[in-house]
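What follows is subunit A paired twice: with subunit B in the first complex and subunit C in the second.
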Partner chain A sequence: MAAAKTTSGPGGSIAGAARDAILAGVVALGIFGPLVGLKTEQNMQNELVITTRWGLVAIIVGIVIAGRFLLTTTIWPAMTRNKMRDKPAATAGEVAFRARLARWFAPTGLVFLFIYPALMVYFLGFQGSLKWVDNFGIQILIYVMLGWGLNIVVGLAGLLDLGYVAFYAVGAYSYALLATHFGLSFWLLLPLAGTLAALWGIMLGFPVLRLRGDYLAIVTLAFGEIIRLVLINFRELTNGSAGISSIPKITFFGLYSFDLSAPNNFAKVFDLPMSSAYYKIFLYYLILLLALLTAFVTLRLRKLPVGRAWEALREDEIACRSLGINTTNTKLTAFALGAMFGGFAGSFFAARQGFVSPESFTFMESAVIVAIVVLGGMGSMIGVALAAVAMIGGTELLRELDFLKAVFGEGFDPDQFRMLIFGLAMVLVMIWKPRGFVSAREPTVFLNERKSISGSFVKEGHG
Partner chain B sequence: MSSVLSSEPAPRRWTADPVLTVEHVQMRFGGLVAVNDLSFEVGRGDITALIGPNGAGKTTVFNCITGFYKPTQGMLLLKHAKGDTFLLERMPDYRISAKARVARTFQNIRLFSGMTVLENLLVAQHNRLMLASGMTILGVLGLPSYKRAEKESIEAAKFWLEKTGLTARADDPAGDLPYGAQRRLEIARAMCTEPQLLCLDEPAAGLNPRESAELNTLLLDIRKMGTTSILLIEHDMSVVMEISDHVVVLEYGVKISDGTPSEVRNDPRVIAAYLGVDDEEVEKVEEQLDELAEGTTP
Partner chain C sequence: MEIFLQQLINGITLGSIYGLIAIGYTMVFGIIGMVNFAHGDVFMVSAFIAMIFFLLFTTVLGVSSVIMALIAVMIIAMVLTGLLNWAIERVAYRPLRGSFRLAPLISAIGMSIVLSNFIQVAQGPRNKPLPPVLSGTITLMERNNFAATISYKQILIWVVTAVLLAGFWYVVQKTPLGRAQRACEQDRKMAALLGVNVDRTISLTFVMGAALAAVAGTLYLTYYGVVNFSDGFTPGVKAFTAAVLGGIGSLPGAVLGGLLIGLIETFWSGYFSIDYKDVAAFSILAIVLIFMPQGLLGRPEVEKV
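This part shows the complex of A and B:
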């Protein structure tokens, strides 16, 4: 590193950079040579044979050398130049532009979300749009909704909940079980699943009220695991790891069905060609509306005393108590409301998949949702939505990177690296924006002028 | 009431209609007795100061009054002007603020630093607004009754912003205010709960002389309004002697003096506690006191 610093000054010599890059290449060879280049496999006689993958090592070392050379010759000098140059104060035009951007971002985004399926169908046809509406649209919106739900607990009330997936599971199994056993409709079970999840939220809330910080995080994590283990082991009710299948589809408010065999099938009634795209587009709009309901309720609550009490709780719990705020109830409402939205999302998930199993509710899911909230900037609705797009959309996009097979060989599957890339991206974003995409807090009320509050004043909460 | 019968020099004005009566309060942490057999009264409409050297147990008394600690023994009786009485030692902390109407500030300022000054003052009016929002349900539906209540709360906040000179900074985050302004905001926030008793834990700590004088004016203003009695812990003797009507002195968790500022200032035990004296001298002073006590009691 020391060598790199001396040669990478403004206008650093190319020879020095090349030497540095080759040095990095040697280090990479030392690391990846044995790790990647040598592979042991068992042959038919159960003997270990070493196979070598020197080609792959060469590619990796090549990437390291090229990357290091690029860093020392262009990127680092550019960064130091940027740092040295005094940043001119934002001109009035820039400030106005930023304000306009902030004002128009949400409405434009909303309009885009509403015409998104139409755009996809227009450009790709019904069959071609399936992937983009289902894998990207619906999948991302589910996580946006989960992120917004958890945002109430983590972002506003400052209670770190690592077991949020438990409420998602409660919602999903509520719908799955009640719909398959009693044939109740989605529109009845949606509020019921939300209520049940909220009840579980309160049940979790009570024992953890006294806990703060790391202890709260550990207990909520354990709660998430308990729910999953109960789902696996309570076979009589949940059918264990095999899960529940053939969960009924959601009907169009009871008027039209999307079942192919039903007489009031949507396509049959309107005399359209058969396609599964109608159902997906319907589901897209449904989850969009559910997510917007979450956003609407959260935004309203923020301006109500309960929302302010949540944020005050995040800032200083002792001060809250000295002002006569019942912190027990305040925490419980945060847990219950967050859980309720998780339950809504869960029952939608069950209906969309048609199949639920405990596999879908692992700790990984909780971690992803917490990561979305943290990455987005705790408390910010737009930030959380952007983070969900980046995280879920990003990992879905990895499936599309077929061209990488040309570089790394036929057996290369970028999807297997998603967690690696995901972690790398998180580290980079946290270096670049340590408090998430949108760190500033919007005040809920103002006397003379609305000023957003710099993230450095806002506390993260301590459990 | 025995104090009235005994032959103390001045009539004890604060015993006539105390807002808070502390009786035989003891606070024990394991083997350590932080406050022992403490009794005093806080007169209605008075500014009462609780002073004493570091570690005398002043903040412990505050924490007992505001419910953050439960005293091991004793009684804390709060009486409203309308006559309602509350036994503070039996109430959880948030109810002491909400029902008994005791507000407090903290030695190390505890503001909601990421919220604006105005938001801080609205959080203080939580319970009233919560009722107005129909426990949130009516508020989510956006009914006008809540809007009206919120407007009233903002008016109340404006009043206190004006009083504390923070109107210009109402929309700034509380954490961005200078230290003195944060102290004043904490008092304004406590006053927004419409307290009967306001407990201030070292309000003048870290203030410069000008800010300290402004604080005095603010506290005297609050007293003039007549609805709130003030109990304050203070080390700054200029504040204590200038504005307080009644001073209680603690040392090692025990009350050593109780009276008007001038009485307390001349009390040899207080002088000894603050300036420190040789052991011999303490004994001498105690002897004198004993003699004095024997000489005066029949």
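This part shows the complex of A and C:
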């Protein structure tokens, strides 16, 4: 493979490309041969036996060879040609179109989000809409909110936090414990959970103030894992890995309940047919509003001195300090605010699931949220939302692909490839667009006219 | 005393395994300044390769000598894991060199997800138990019905680790490749100007790190007799802790850190609480990074404007 980039320039010799492809095939055979070709399974006596799958290995190696050959002969030369050709300056029409797109995208998206459940109910009926509102709408919006919350820490302040899920867990367990033990309402506990998470944010943020970059990432990862391990082992409080179940549902501001047995049940009061769809739709609007609150607060904060200080901190900590910005406070506010929104999302999550266990707060969850923020283009709100839709919606969609069973046989379960594809997408997007989907963004300070600047002018994540 | 001795033996065994993995972290960090997050999962994949070939040798090919099978398995695992890490570096990290600082870390996290889920899909999510090998033990001390013992497996782990570390030390200190690696670590641009093939050196660094991880994987498999697709994360983070504790970038530091982490973990579970042994390891990571980021044997990082 090493020779590919140097010897075969644009156009490339076919023989060289073929040699590269064969080499790639040999490497693929070495890696996939034993791991895919020799599957180990336990038999009835609990002994491992080997079953061979050479056909599958042959297919994979074939794909690698063909892919490599195509890359060297067509795709790379094409990309080089594109790069070499001078890009014509964008015409006035294009610029205007882009500006219009940027201006109209957010409002259109918002309107769509508000009528989304109504559309689903209209087309699919109450029962049919359940899946689309719950598994897609709510699930994606939770991640949008988490992404926007983490965006404050990673995207704006430039502090890579790999333990964000800890604050999500703090919010979820605060609600779960206080609601089940003291019967407090969601509307009281939501701000409380946010405050508790923010306090944890400050507590965990304080010791790591001096760290930067990779070190900060690893320490926050360690904190996230410590919180999860404490949740598993502190059985007296958290019930260990078994988790806390029968967490009360959210009420409609205390007026109507969604419990089937309650006298003020929503459907009973309005004489509607019983359905769980009302609760789901209510939850959908609730998380939508919470996510929008996050976005609104972030957008406003960016215009306040503290928001400016975050972005200055992200660009250059030393310069920031020499200008007299208090970096301690700046970092702690970023941690606390990010954690607070994580806490909100966590208590919503606990109420929606009705069950929390440490299983939901693994490192993988943090990695998914960080991936959403980074792939979206750090600091760009629209980008983060798009990344959440693509990554979470895309992987949820895999569960629906039943027709693949017809292609690959009955035992084929597309769901098991979910995280595999997620990881591959992370790597590929990083290679293809290291600055994320939306790398252009609005500067916070501008002189006379608003214009987008390219992400390549700012260096994120140096903190 | 017996308990102490027993914990000491167990701790050194565990520490050897952590030390071998930690070298992979510390070398890569030293040479390209990147936390190779996928290294723990490379270790896990190597344990799977070892498991598959051990099974192939003993059940299908009928090799009767366990020691011969283990040596062959270890060499195969080293070669194949080296190949794997070479391919990973080519595909996922090299295109990102010179990109912004967090890009390789994110890519490595993605790669770590890919590796563990690939193994889950390809080999199934269940534990893979091997029949016990080398199950004999030597009793060192016995009192009040508690015997401090050292098993043949533990002796094997100590010997293999010591031999490999000696060989590795020789490669880094005395060969042209080691010289190139140390040159790249000091100044990549200058090394390139002086005729060192930087790309090749970095590739070989990944291969060497993976080979040592493969040794650790084989030893881990023989020691515990079971491996699972999710076994990469925790040993990986602990080995990274070891590398940080010893001073990241320093090779003797990685081994020292590995031994210390292994000892702390076993003594903690022996004397305090087995539930919180991972919490202890993670807390050490946090404490060391906060109060002593240069580690025990590392150089302090000077911040330049």
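Everything below uses one rule, namely that the second predicted complex is superposed on the first by the 372 of 463 C-alpha atoms of A that agree within 3 Å, B and C clash if a C-alpha of one lies under 4 Å from a C-alpha of the other, contacts with A are read in each partner's own complex, and residues count from 1 in each chain.
The definition used in the following text is that a contact is a pair of C-beta atoms (placed from the backbone, for glycine too) under 8 Å apart; a residue touches a chain by one contact, two chains touch by 3 or more.
If you're wondering where the values come from, they're calculated on a predicted model, not measured in any experiment.
Participant: Let me test your reading of the model: by the given contact rule, A:305 touches which partner, first (subunit B), second (subunit C), both or neither?
Facilitator: After superposing on A, A:305 lies in contact with subunit B but is clear of subunit C.
Participant: Quick check for you: in the superposed arrangement, does A:399 touch first (subunit B), second (subunit C), both or neither?
Facilitator: In the superposed model, A:399 contacts neither subunit B nor subunit C.
Participant: On subunit A, which partner's contacts cover more residues, subunit B's or subunit C's?
Facilitator: Looking at subunit A, the partner in contact with more of its residues is C.
Participant: A:318 in the overlay: touching subunit B, subunit C, both, or neither? Say first, second, both or neither.
Facilitator: In the superposition, A:318 touches subunit B and subunit C alike.
Participant: For A:297, using the defined touch cut-off, is the partner it touches subunit B, subunit C, both, or neither? Pick first, second, both or neither.
Facilitator: In the superposed model, A:297 contacts subunit B only, not subunit C.
Participant: Determine, under the contact definition given at the top, whether A:103 touches first (subunit B), second (subunit C), both, or neither.
Facilitator: neither
Participant: A:217 in the overlay: touching subunit B, subunit C, both, or neither? Say first, second, both or neither.
Facilitator: second
Participant: In the overlay, answer first, second, both or neither for which of subunit B and subunit C A:81 touches.
Facilitator: neither
Participant: Common interface residues of subunit A with subunit B and subunit C?
Facilitator: Subunit A residues touching both partners: 318, 459.
Participant: Using the touch definition up top, name the residues of subunit A that touch subunit B in the complex.
Facilitator: Going through subunit A, the ones touching subunit B are 297, 300-301, 304-306, 308-309, 311-312, 314-316, 318-327, 333, 441, 443-451, 453-454, 457-459.
Participant: Taking the complex as given, what residues does subunit B use to touch subunit A?
Facilitator: Residue positions touching the partner: 66, 68, 93-99, 103-104, 106, 110-116, 118-119, 122-127, 129-130, 133, 136, 139-140, 142, 146, 150, 154, 158, 161, 167, 170-176, 189-190, 193.
Participant: In their shared complex, at which residues does subunit C touch subunit A?
Facilitator: 34-35, 45, 48-49, 51-53, 55-56, 59-60, 79-80, 83-84, 86-87, 90-92, 95-96, 99-103, 105-107, 109-115, 117-124, 126, 128-131, 199-200, 203, 233, 237, 240-241, 244, 275-276, 278-279, 282-283, 285-286, 289-290, 293, 303, 305
Participant: In the complex of these two chains, what residues of subunit A are touching subunit C?
Facilitator: 1-2, 27, 30-31, 34-36, 38-42, 46-50, 160, 207-208, 210-211, 213-215, 217-219, 221-223, 225-226, 229-230, 232-233, 318, 363-364, 367, 370-371, 374, 416-417, 419-420, 422-427, 430-431, 434-435, 459-462
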